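Chain naming follows the written order as A, B and C, and within any one chain the residues start at number 1.
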Amino acid sequence: MRAQEVLAALKEALGDGFRDGEIRTRTVGVKSPQTIEEVWGRIDRGVLLPAVRALKDLGPLHISIISGADVGEEIELLYHFAVGFGTEGGEVMVTLKLTIPKSDPVVPSLCEVLPGAETTEREKIEFLGVRFEGIPDSRHLFLPEDMEVHPWRKDEPELAGLVKRKVKWEERDG
Amino acid sequence: MGELAKAFEIPIGPVHPALKEPIRFTFRVEGERIVGVDIKPGFAHRGIEFMGLHRNLVQVLYLAERICGICSISHPVALVQAVENAAGIEVPPRAQYIRVIVAELERIHSHLLWAGVAAHELGFDTLLHLTWKVRERVLDILEELTGNRVNYAIPIYGGVRRDITPEQYPRVQEMIRYYRGLFEELCDRFLNDASVEARTRDVGVLEPDEAEALCAVGPTARASGLRKDVRQDWPYLVYGDLGIKAITPEDYGTEPRGDVYDRIVVRLLEVAQSIDIIERCLEEMPEGEITFIPKIPALLAQLKKAEGEGIGRHEAPRGEVIHYVRLEAGKEEPVVWKVKAPTYSNLMSWYPMFEDQEIADIPIVAASIDPCMCCMDRVHLVRGGREELVWKEELLKLSREKTRKMALGNG
Amino acid sequence: MSVLNALWQAILVLFGGTFLALVYKGIDRKLAAQMQGRIGPPIRQPFLDVGKLLVKETVVPRTAVRWAFNLMPFLALIAAGTVLLYLPIGPFRPVLSGYGDVIVVLYLLAVPAVAMALGGFASGSPFGVVGAQRELVMLMSYEFPLAVVVVALAWRVAGLGVGPAFSLATLAANPLWAQVGPLGVLGLVLLFLVLLVVTPAELSKIPFDIPEAETEIAGGLMVEYSGVNLALFYLADALKTVAMAALVVALFIPYGIAAPLGISGVGGQILDLAFFLVKVFCVMFAAVTTVRVAFARLKVDQIARGFWIPLTAVAAAGLLLLVLDKAVVG
């Protein structure tokens, strides 16, 4: 599968909901260099599910991980998909970015389309305080159930008290 | 009988002889049959990603190495690729080969380790001891090549930190011959043993469509017949040149059933595959530089200027590892660092596997995805922090002495 | 035989038996380790283990039924020790000969298993309960083939008309191998094999160690036991191993070497006793040590099915062959 096909499919399915679509290429290998293409793009949360469905129509779909970052007033989520997972040399990494306001951190859950996304979504719940609509199990995964702090949020007031950055030997070595 | 016939709960873990690392399963059982399971990971959280966001990239590399003691090459390989992609750093060809060699050595050691653990879970300690005895050889070679039995500290941004010297070639080749000679016997011991087969055939089945929907990776997915292998699907380093094919039980000549037995088959065949890869790499490896920027301060300065984001992936012994890194110019530390270990993806596969199994199957089914909790857990906040780590200097001194001895050829 | 005489004999057998049982356990562990490519513990390790356990704190879980929990280890040890008193030790008749027969021995052998199961139930731990259920399933599985073997032998001995057929002394004094024809020998071989398969199951050793199954239920029955209680179970297990091996010897290989060599008197008795100990060791080595290094642990349903159908069928075939042989030989 070519990255262009993926990009075209996304554009067709999402229309204006898909922005900044680009293909990043680089060359790997020594003896017989190959070109690796990655698709990057930005979407609105409203078209997340249609986007995933469009990707799923292209071939076996795998969600590697959802990365997340606190960017001031908003939370940015990066969905890393592998389209065509399991096709020899034909896998395209697709990264879809979407931003959601901290005041309303809700995104639709992928579990209905891709049940394997549950683990990573649950992790985002506890670490970024994102809510996933339609997730079958929204309990904390890694952190204790009673932990209210979302460690990846940069504006958490309690965070500093929970973390001690330097241990003693580091100071001595430094 | 009314009371007895009802399901009752058995907790397995976080501390249990069958689990080598902490995780908690709560099984609802009726007699010996499992009717439900709840899984709670998170007991080995160390907050590594969080720590990484407050350290410079070379320190992050150290952290990545320590995400897991067994995948201690997989995480750095994925991380350096992510950073190299983000910062646009080229890796010299020889360094790429060395990374592949060490990564494949790690795969051999990890799969043999797993095979021993699996045998132990089945109550077959003889096989455990034999497998681990055999495994010592690859650990010796890893120590020889990298200086350590675990935490190899080989990849650095833009290259590797140690070259493989010409004197080391014959020793690696000798190891290759050793494992080739043993391979038949190893397969025979595991795959033709009646009691192993009785305990693993049709146990913990993961259907191919379930494996796909639940995003299973690595040998877990391949045992279900899905030809998924990052090395094959998404070439990186020199894996594209080597023409690697994902291994499924079909390569052993059997229909994939997705049970524990098939997972043994896949892992054993991958040991043979890794041996072939190492041999080819040794033959094909060109001479030349092993780093892009040898001096670490210069490297850090270069990375500080870099701006961008990148993905690095690697097929660890247990499956896909992916690291996402975002760098900002003027910042030493990554702005975003996300790590995904294979067990993270395979966690969901446990649910269908445990369905309708017996209590006796719990250990081997749990072990069959080769879970690595410390890989998966990573992120945790250390309450209060540790005050004393007085032994660090002592350990460092000892390890330096050992390295010096090895360098002098007395090791 | 005076009561006093019987008493000191019993004490001698029990203490000697316990000592030997621990020595054998040490040898068993050492040999198993060697076969697995390990160095293994020193032979005196079981003594050290017992000594250590005896000085450790005995913890009784809060959820346990206290009296049952504490009683069961004693019951297991007493039963295992009593079995020894019913078994012929080399050239010597059983201490309690005349006060019970092989059926009593079968019951006594089952008592430690039942005691362990009850102890498991009484411990109030889910692991203990699962282990206890498994122990009972095991008990029901292996008792039937075992009973078939014993009944077959006794029935054939009864046919010889040499005394009370179910008495172990009679069984040991009249080895059947020489009394039956070729069909009977084949039948006896089958029965002997069945007994060798039953032995590790009776002793809960791999591949039949499911009631304890360390990697599955974390020690199962034994999980809550500690200190003196655990030491008693440990001793009971060691004694039962020797008793079971001695039973196999008494039923199938009760021969001495003193008589064929023409040595009599005290020297002959000592020689026979030594030979008996060697035989017991051989049985233990064949049925316990080698078996437990050569197999993976089976599942409870696999064991139950295997014992109920194929093994019982083999035992029944052995019985049938003995019957046919009787019809032929007369």
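Keep in mind that, in the parts below, a contact is a pair of C-beta atoms (placed from the backbone, for glycine too) under 8 Å apart; a residue touches a chain by one contact, two chains touch by 3 or more.
In this text, all values refer to a predicted model and were calculated from it rather than measured experimentally.
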Taking each chain's C-alpha mean as its centre, the one farthest from subunit B: C
Chain whose averaged C-alpha position falls nearest the assembly-wide average: B
Distance from subunit C to subunit B - Cα centre to Cα centre, in angstrom: 45
Centroid distance [mean C-alpha coordinates] between subunit C and subunit A, Å: 62
Distance between chain centroids, defined by C-alpha means - subunit A, subunit B (Å): 22
Residues of subunit B touching subunit A in the complex: 40-42, 45, 47, 50, 54, 85, 93, 96-97, 212-217, 221, 226-228, 232-238, 240-241, 245-246, 284, 286, 311, 313, 320, 322, 324, 326, 335-336, 338, 340, 344-345, 347-348, 377, 379-390, 392-393
Touching residues on subunit C, where the partner in the complex is subunit B: 35-38, 126-127, 130, 133-134, 206-207, 209-210, 213-219, 293-302
Residue numbers on subunit B that touch subunit C, as the complex places them: 8-11, 16-18, 29, 31-32, 119-127, 129-130, 133, 193, 195-196, 198-199, 358-363
Subunit B partner contacts - residues on subunit A that touch it in the complex: 26, 28-34, 36, 38, 60, 62-65, 67-69, 78, 80, 82, 84-91, 93, 95, 114-120, 127, 140-144, 149, 151-152, 159, 162-165, 167-169
